[in-house]
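Next up is a structure, given as structure tokens.
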Amino acid sequence: MPDNGAGKSFYERVAAATPGGDVLMKCLQCGTCGGSCPSGADMDSTPRQLFAMISAGMEDEVLSSNTPWYCVSCYYCTVRCPQEIPITMIMYTLKRMALARGHYHKDAHINWSKSFTNFVELNGRSFELGAMTLFGLHNPFAIVKQGGLGVQMITKGRMPPVPERIRNMPQLTAILNEAKRIAEEEEV
Amino acid sequence: MVEPKIIGFLCNWCSYRGADTAGMARMKYPPNVKIIRVPCSGRISPELVLRSFREGADGVMVLGCHIGDCHYGTGNHRTAKRMPVLKKLLEYNGIEPERLCVDWVSAAEGEKFATLIREFTETIKALPPFVEVIK
Amino acid sequence: MTDRLPALQEVIGKLLPDVDGVLGLKVGPAGIVSPHLFVKDLADELASLAIWPKEPLPGTLKIIQKAHPDAKLAIVCRGCEERGIVEMAKHYQIDLANVTLIGLQCTQEEAEFCRCAKPFTVHAQTTIGTPIAGVPDTLTDEFAALSREEKLAFWKEEFLHCIKCYGCRNICPQCFCNVCTLEDETWVETGRLPMPQPAMYHLIRSMHMTAKCVACRECEETCPAGIPMAIQFRLIARDVKEMFNYETGAEIDQPPPQLLVLEEGEYERTGLPH
Amino acid sequence: MSEARIGVYVCHCGSNIAGTVDVAAVAKWAEDLPNVVVSRDYKFMCSSPGQEMIETDIKELGLTRVVVASCSPHLHEPTFRGACSRAGLNPYLFEMANIREQDSWVTTDQVEATKKAMSLVAAAVSRVAYQQPLESLFVPIDPNVLVVGGGVAGIQATLEIADSGRHVYLVEREPSIGGHMAQLDKTFPTLDCSACILTPKMTNAANHQNVTLFTWSEVEKVEGYVGNFTVTIRKRARYIDEPLCTGCGVCQEKCPKKVIDDVFEAGIGYRKAVYIPFPQAVPNTPVIDRDNCIFFEKGTCKACEKFCPTGAIKFDQEDEIITLKVGNIILATGYDLFDARRIPQYGYGRLENVFSSLEFERLTNAAGPTLGRVVLRDGVTVPKSVGIIHCVGSRDKNYNNYCSSICCMQSLKFAHMVKERTGAEVYEFYIDIRTPAKAYDEFYQKVLGEGTHFIRGRVAEVTDAARQPGEEGKLIIQAEDTLIGKQRRIPVDMVILSSGLEARADAKEVAIKFGISCSADEWFIEKHPKLDPVATMTDGVFVAGACQGPKDIPASVAQGSAAAARVMSLIGQGEVEIEAATAIVNEETCVGCQECIPSCPYGSIEFLEDKKKAHIIEALCKGCGTCVGTCLSKSITLRHFTDEQLVNEMIGAMQSMKLFEAQDLVIVE
Amino acid sequence: MSQSTGHYGFYPGCSMGATARSYLQSTEAICKALGLTLKEVDDWNCCGASEYISMNSVAAYSLIARNLSLAAQEGHTDLVAPCNMCFLNLHKVDGYMEKYPKINQQVGRALAAGGLSYKAGSVHVRHLLDIVVEDVGIDAVTAKITRPLKGLRVAPYYGCLLTRPDSRYSPEYPTHLDDLLEALGATVVEFPLKTQCCGGHMTQIKEATAYDMIRRILQNAAEDQADAIVTICPMCQLNLDAFQPQVNGMFKTKFHLPVLYFTQMMGVAFGLSNKELGIGSEITSSKTAFRKIGQEEPEEQKSLKRDKNALPMPRL
């Protein structure tokens, strides 16, 4: 299986990029994660299957799976795992790895995450209306269906029309830029 | 850096067997620690520890059964009462209390034993050379 | 001081018919103060009774009791001496049943001289003088605040002057062993000056003082080199209090902590790994 | 110690040591150590020729001390001590350097390993010169035996020993012996009726002329040592005069107070406040449960007393304290069932038709609360579908990390019984099916053939929250079917949790009482997991059955017999060698401060009032040396671990280390 | 803990100013009533929700750590988050920095670029519910009740992130919200799905997945005859409340379950006005539900065949 420049196996890279991920190899293949997952029915592979594929080095298959993108981050799998594997965090790692290599499953909600993150990086606060609208540009179908809801939210005073912005944006930007630089360093 | 010279006093029932367990599992650790077997960590009088320092030891380990698991019931309770005081005393005399490692290793804890040895050897290596207070 | 002396004379005078002797201090012909057993017949000797400078009386009491186990005795004791007696009783060196304690409360100057936290008695049946509050031990506090290197340098300098005269051990009421570890070649190298490993001697002695030192400061007083060794004992006493909730000489019924198994919560306070 | 003539023997242990340590160089180096007369290396020191080499040298070279550098003393110290003895050298004049477990196996660098071996040899040589000959003390063994726990393992051990003609005291905490096995209906894989095979053994044990049975009793205190234990037993008041009671059961019948039986009926049935736990109970004598008895609560009632035909009810009875002398003790205290309430997602205690394994055992038992009918909690409805969940509380770092070993077979048995009694659909949810013993896998195949559905996947949750049509009113078991890779929801009427086994809640206390140790999971630790599975580190105390780890009936019975054999072997020896390395007080220097007395875990130090000195009762001393660490005037010496010996061992190690620091070691090939 | 002082650092999170405005209003109202002081951390930033970490973990941790650093700078030892997501993120990053030296070092470097620093473990991150139940205490809450919620059947909905992972409360079956609501006088229904996921951001991404998850929860609450669902998290409230019409449309169901914040329930029991509590801003109206307060509840029908044959249940 292809190794990256550092000569580390796919498993080792997933484990290293996940806090507490080194227990991944201890997966019993018991299926508690897949059984517990509230969105598990929609996943093309259950988390357990991904772990077997990770240890088999099937990097392409794993990173193009829709599984991580269906994770709702409810942590049921994590607290129930008999081997204490931080499964939710591994899903985040897989998402990042998929993004980094540039092609990922079509179900990936990368545009939603990007719209959300954009507003955070711009203002320091999230901005639902903005994110929904921006996301809507990529996904006009959604905005038609949920448009009515948006209007209702605005009239109920639950969706401010303009974003809030923190005062010390330069500080936050400096922190995030440095963090991204560190993260890049890591990649190499 | 000069290799630290370390003396380990290990109780016969838990910690010495823990060392054996590490050996049987072929776990690797630095060779600096020379082990002296005593029946119980309660046998280790503070003078033995101090005498080892006097003889030139850079660090001393006192390892016994976990509290509650002592082969003799409560021998290690005395260790748990004596050794903290000795550590304090070292500190008050300007000696790094880290030079005395007091811990509990069961017969099954080969990995813990090996880790302790690795960590303690590193700790001692990181300290400035032992001054001529006792030596 | 003047008002305590006549009061003490009066108390002893009243006690003497009922006891076989009262241990106190006496001014000798050359003005030298030394321990003295005032017995019935010599009640008029009381005129030479002294209260300062203090001398460690508990050790003398032990010797008298060992020779006369059934004698009914009284002793003039300050706070520290009382604690010493209590602690020795716990180690079966003094039989409290046959001893009446006459508590002599220290004055402000005396307490300051000793940096004493408890310059008063608590168990004595009769007391002379008014108890005063303890004095902060700034010397010990200052030492505790030093860095490790400074502590090391501190003792290096102090121990340089140690001539290993064993004076500190000899004067200590808590050093009642028949043979002494400090004279055993196995632990302490003997016969050379300056001492080859001075800390060895003092570390062992400090260790032996754990839960035993009653902070009487006799050792420092007697030391010809003026080594403030009580600093170590006092710091250890604070640790013992914190870890095992034991105050030396305070409670008659409380056994020393090193004799007991760990109690609930004690282990957590030792700082040992979990 | 100029008169010491030391022989040093360095073992290759094949390549185990010689592969990493230059053994020849070590032997050569040792020649120059003080007092060493001869130093040799050899392929296998523990072999007969190796031992003979040592024996010959002792005789021919007049060696007075021997050092062997080889493996751990825990392995071969007795071997080499034996060799010394045979050559006429006191075995305590022998010392071992552990250059295998502590050196060759754990050190990568060959030069470093060789240097470490040299240091360890130097330490041993330095120590051995100060060692003193010791004579072992032999004490006679009391042939009476105490067995604690009257489950099948304890009963087996009791019968084996009693049949050999020795007397056994069998102590049981519950009102009847029988243990968990008495609760079961069928036993796997043969499906024999549990009561049919156990009851005769129970009766046998109770009626045996060599057995004294104490039920409703607990061991309070154990003193002494192998061969000579003094045991204090609290025989709790039954409030029944045992000799007068005929076991007619009228008291139980007339008692107005119904109590949920959490013990024998596993909480699924009732008993009275005065009760015989089950019809075949041994002894067939009831007990009054003080906490629930109306008389003890309110001062009136006494229905049992009124109706008892023999006047056997004694409300004023008190606990009895009994002291026994025994030579050996077998602990067979069994296990507790994992409490499934700790896994809320399985719904036990919340969803009424979720059953624990012991509840289900009682359901299927013909003498149980439903007379053997498999029904739901309402007591009437027969389930049409049943889910059985494996590994409940086992193989899970959140609960118990180990495999409970019996649950697979137990679950298969449940599946068979559900089928047999109800014809319901059965779903087994498992991670792995483990059927390693004789005729076990055949049983698995039989259950497969009966049409049980096996779903490989650990159950995520059991819920009564319906999500789709067909789930209403059912318990839904949600799991990933890992063989398909899909999440499945199986609606069933009844769920059986195959709960794991746990050490008894009070195992740690019991271990301390008997002076043995517990593993992290609180199972009792055996002396050696493979070669000495029923002995413990404490001589004269043995373990049998599930108190040592999860075990099924055949394994428990085998251990009961094994422990009995070990005990009988000891009794047969007639006397036992006790620790020669005991402590001794130097009366000349002892100041009588009595600090050592409370420090002794065995109460072996007495105070001689006349001399005002401490004194150690040798037979009680176990040689831990805690008193030595306590004595400030160093007036206590622990034989074979004297200050002189330990300090010189340390000096030997230190000096060689300093030497290697000063000059590089050159190994001569 | 600052049980006695009643002073806490407050991290409202972005939703409190927007979709969860009523949560903020009712929080302020009950804090006033209980004498709790929540001091908003100055110039806090978004926690990144579950989005940022899928993009860049170091940046996500650093984003969160800036808030911890600000809170520590203001001298807060306890930092209160009312939103489950914010709570989890803050709590998690603090824990990671303590446990993983590499993360600690990376985040430390990033913070330094903004002139900040944070020592892991110095701020204790807590959820608002925990403050109310543990520090204020049920007794003190009970003492403020003027209008007990008698007659109202409520389903206590915790969502996932408060109790998962690494929580002091059971991740599967917590009961502290149950206890609080019971103390307010409401009837707390058995609600097995109380810690199931509300769908999180799935409403924006995969409607079918999200709506089914919402449906399960609504259905379970409806089956248990709840008049309202009580939440502790803005995201849960939003999903269950705002998407209820969509769910009804997709599954042809007729759920009408108002979804309210526990702070609103407390406020109602304290006799505060709907306006103060932001009641009325929910999409699924709570009018009918609140009308039940004071009404006699029909005797609960135990459907179980509990006759003489019934076997005893294990006790919880």
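Each chain carries a letter (A, B, C, D and E) given by its place in the written order, and its residues are counted from 1.
One rule holds for everything that comes next: a contact is a pair of C-beta atoms (placed from the backbone, for glycine too) under 8 Å apart; a residue touches a chain by one contact, two chains touch by 3 or more.
Here the structure is a predicted model, which means the values were calculated and not measured.
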**Report entry** Count of contact steps on the shortest path from chain C to chain D
**Finding:** 1
Query - Neighbouring chains common to chain B and chain C, by label - result: D
Query raised in the report: Which two chains have the most contacts between them?
Result: A-E
Query raised in the report: Which chain maximises the distance between its CA centroid and that of chain C?
Result: A
Query raised in the report: Between chain B and chain E, what is the gap in Å from one C-alpha centre to the other?
Result: 49
Report task. Provide the C-alpha centroid distance between chain A and chain E, rounded to the nearest whole angstrom. Result -> 23
Query raised in the report: Distance-wise, how many Å sit between the C-alpha centres of chain B and chain D, to the nearest whole number?
Result: 29
Query raised in the report: So which bits of chain D are touching at least two other chains?
Result: 345, 461, 599, 630, 634, 643, 647
**Report entry** Junction residues of chain E, two or more chains touched
**Finding:** 172
**Report entry** Touching two or more other chains - residue numbers and ranges from chain B
**Finding:** 47, 51, 74, 78, 82
Query - Contact pairs between chains, per stated definition - result: A-D, A-E, B-C, B-D, C-D, D-E
Query - Of all residues in chain E, those that touch chain D in their complex - result: 170, 172-173, 192-193, 216, 219-220, 223, 304-316
**Report entry** chain C-touching residues of chain B, taken from the complex the two chains share
**Finding:** 46-47, 50-51, 54, 67, 74, 77-78, 80-96, 102-104, 131, 133-135
Report task. Quick one: which bits of chain C touch chain D in the complex? Just the residue numbers, please. Result -> 91-93, 176-181, 184, 186, 208, 255-256, 258-260
**Report entry** Contact set on chain C toward chain B in their complex
**Finding:** 143, 148-156, 181, 186-187, 197-200, 202-204, 206-207, 210, 231-232, 235-236, 239-240, 243-244, 257-258, 261-262, 267, 270-273
Report summary line: Within the complex, chain D is touched by chain B residues 2-3, 5, 7, 13-14, 16-17, 19-20, 22-24, 26-29, 31, 34-40, 42-45, 47-48, 51-52, 55-57, 65, 68-75, 78-79, 82, 106-108, 114
